[in-house]
């Protein structure tokens, strides 16, 4: 959910509206905001599944340090979505394991 | 413009203040910051700062951040954003990553102002989406302007936990409770009073036992703890929350200082392992200064004053300030620092800082 | 605390049990725990779990925390795509 | 919540106890309250902070050196202007007027939540623990630019609750 109005910060500044494609679905975003922010605003919280336990992960540090929020962005895995700006038309996929998307889920051969 | 002779790593409160002082004295200064914007955590601090009225107490952190950036620009400080200092090598050589390539450079003076990282608390379910650092929460609500959830549990009643609880309420979320392992509230009473008035209970001697939920946090189970920090039987309580925020302290983010070979002391009052430094904020390595949370966890006002000390000292070392002028300025700053480190919330830090000084003098 | 299945290192998914196991085999330093369990060897380089590991090691071996130096910091301190390090320029300002 | 017996006081509960407040040099006595509108400073810890001192145009508040001293309040100098209320970073200053009407008092407090109540709204007055204790009518909402986004809200409350009510229940978004 977006915070449209705030007692201290006021109304959200107007920014260009763009669209991301997240696991095949269109997700609205504001140009230049962190990808993670757009996903959280749209109610998405699971960004990836871990390599060993397939545990769901999402935003944890929001500073680009912990790497929990990594996803596949335009085909590139391990992109920290909390510090990567959203651009129109970006294709974003839930990451499974160290580099795979949904499609490669069962084909992965990862060390554990 | 010639080559910079002072590189400041980290453009937060301490780093910017250091850069401004040094640049005003005439030194050529570059600030390296890994983010798109400098300012560090200041832009998340939307509350009015404490401190001395003559030194901008009562001003919100976000405004202080904007002013620092303006002052830096006016002073001619250069900034290199989206640039990570990934390593530091003998001969004061910094390794930088910018975009798709790396770069190495040597600098006569390096000021490390790398800040802090949030401590974690491990409990079953803490890897579920919805469990996050209090700092992460603050970034989401005050920078990204999105709510991480509708109802949160805050873990920790230090100043960070209390302030972020209040800010969650301001952003429009609910906070079910604050749990604190200690038998008392370690943050300022006035911060605690604000959230109590807003209806948030503060449960001391309590902890979070586990987070539950299928794919994300749906509930938190909390319990009372005894003096040995063990959960007391039959005190478990289930809170319907979708977010659990961890505010269990900060640690100096000291990788670069360790890599540089700085000597460290372990001082719990300052957040753990801290690089030793003298009254000029110089580490045991000549020409490498430390300031802000890296030099001991405190808060933004002390970080800025430490940055000023480091900046003045660095400018003096490079010959831009005479010893007399520098000393006069430094005495003022040290007096303000001392004033921020007294009383029941400051004494422990003041003592620990003196220990760091002693450790620095030991060979 | 029981919870041996508890994940301590979020990046490498190393559990409390994994860490205790190597400590029971005689490990006493942060560097050894890291090398043998991979805790802190993941993409975040131990920024999240470092203190947790120190806490477990301290508890299991009765070493005070001030005796436990963090594991050696090595470059790079942040995630970077492979290949970045090979493109190095020197002393450009 | 679990019925742990908690000791009184701001450090254990987040609420300054009656004893802490009455022992504080920022707290006016009954006589002072009966003279008319007056501020009530509920700052009982030695934190490094002093903007209230400069905020008061009448010199009714002093902190001095070191700035960790708790504010000393000279009730006789205070005319209840409330300039200090939005300035206090700890939101620990209030204004009370127990002379407002026969059975009503007013309480003014800092407020930083949305939606803002409006003049005339009937809201719930809450005590220091956030518990609703009475109906309160909003008399004034001051939010000029110089308050820097901290509103000062004045409500009327039953007179016997003048020293209990310290805020209002947040309104639903």
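In this document, chain identifiers A, B, C and D correspond to the written order of the chains, with residue numbering beginning at 1 in each.
The definition used in the following text is that contacts are C-beta pairs under 8 Å (C-beta built on N, C-alpha and C of every residue); 3 or more make two chains touch, one makes a residue touch a chain.
For clarity, every value in this text was computed on a predicted model and none was experimentally measured.
For subunit D, the chain whose average C-alpha position is most distant is C. The innermost chain, defined by the distance from its C-alpha mean to the mean of all protein C-alpha atoms, is B.
When the interfaces A-C and A-B are ranked by C-beta pairs in contact, the top one is A-B. Separating the centre of subunit A from that of subunit B, both taken as means of CA atoms, is a distance of 26 Å. Averaging C-alpha coordinates per chain places the centre of subunit B 31 Å away from that of subunit D. Averaged C-alpha coordinates put the centre of subunit A at 44 Å from the centre of subunit D.
The residues of subunit B that reach two or more other chains are 34, 60, 117, 127, 170, 172, listed in rising order.
Multi-chain contact residues, meaning those touching two or more other chains, occur in subunit D at positions 112-114, 149.
Shared interface positions of subunit C, defined as residues touching 2 or more other chains, are 7, 10, 47-48, 78.
A list of each chain pair in contact follows: A-B, A-C, A-D, B-C, B-D. Residue ranges on subunit A touching subunit D, taken from their complex, read 5-8.
Contact residues of subunit C toward subunit A in the complex are 7, 10-11, 13, 42-44, 47-48, 78-79. Those residues of subunit D lying in contact with subunit B across their complex are 1-2, 4, 6, 10-16, 42-51, 53-55, 65-68, 87-92, 112-114, 126-131, 148-150, 166-167, 169-170, 173. Those residues of subunit A lying in contact with subunit C across their complex are 50-53, 55, 57, 60-61, 64-68, 70, 78, 80.
Listed in rising order, the residues of subunit B touching subunit A in the complex are 34-36, 46, 60, 62, 117-118, 127-133, 135-137, 139-142, 144-148, 150, 170-172, 215-216.
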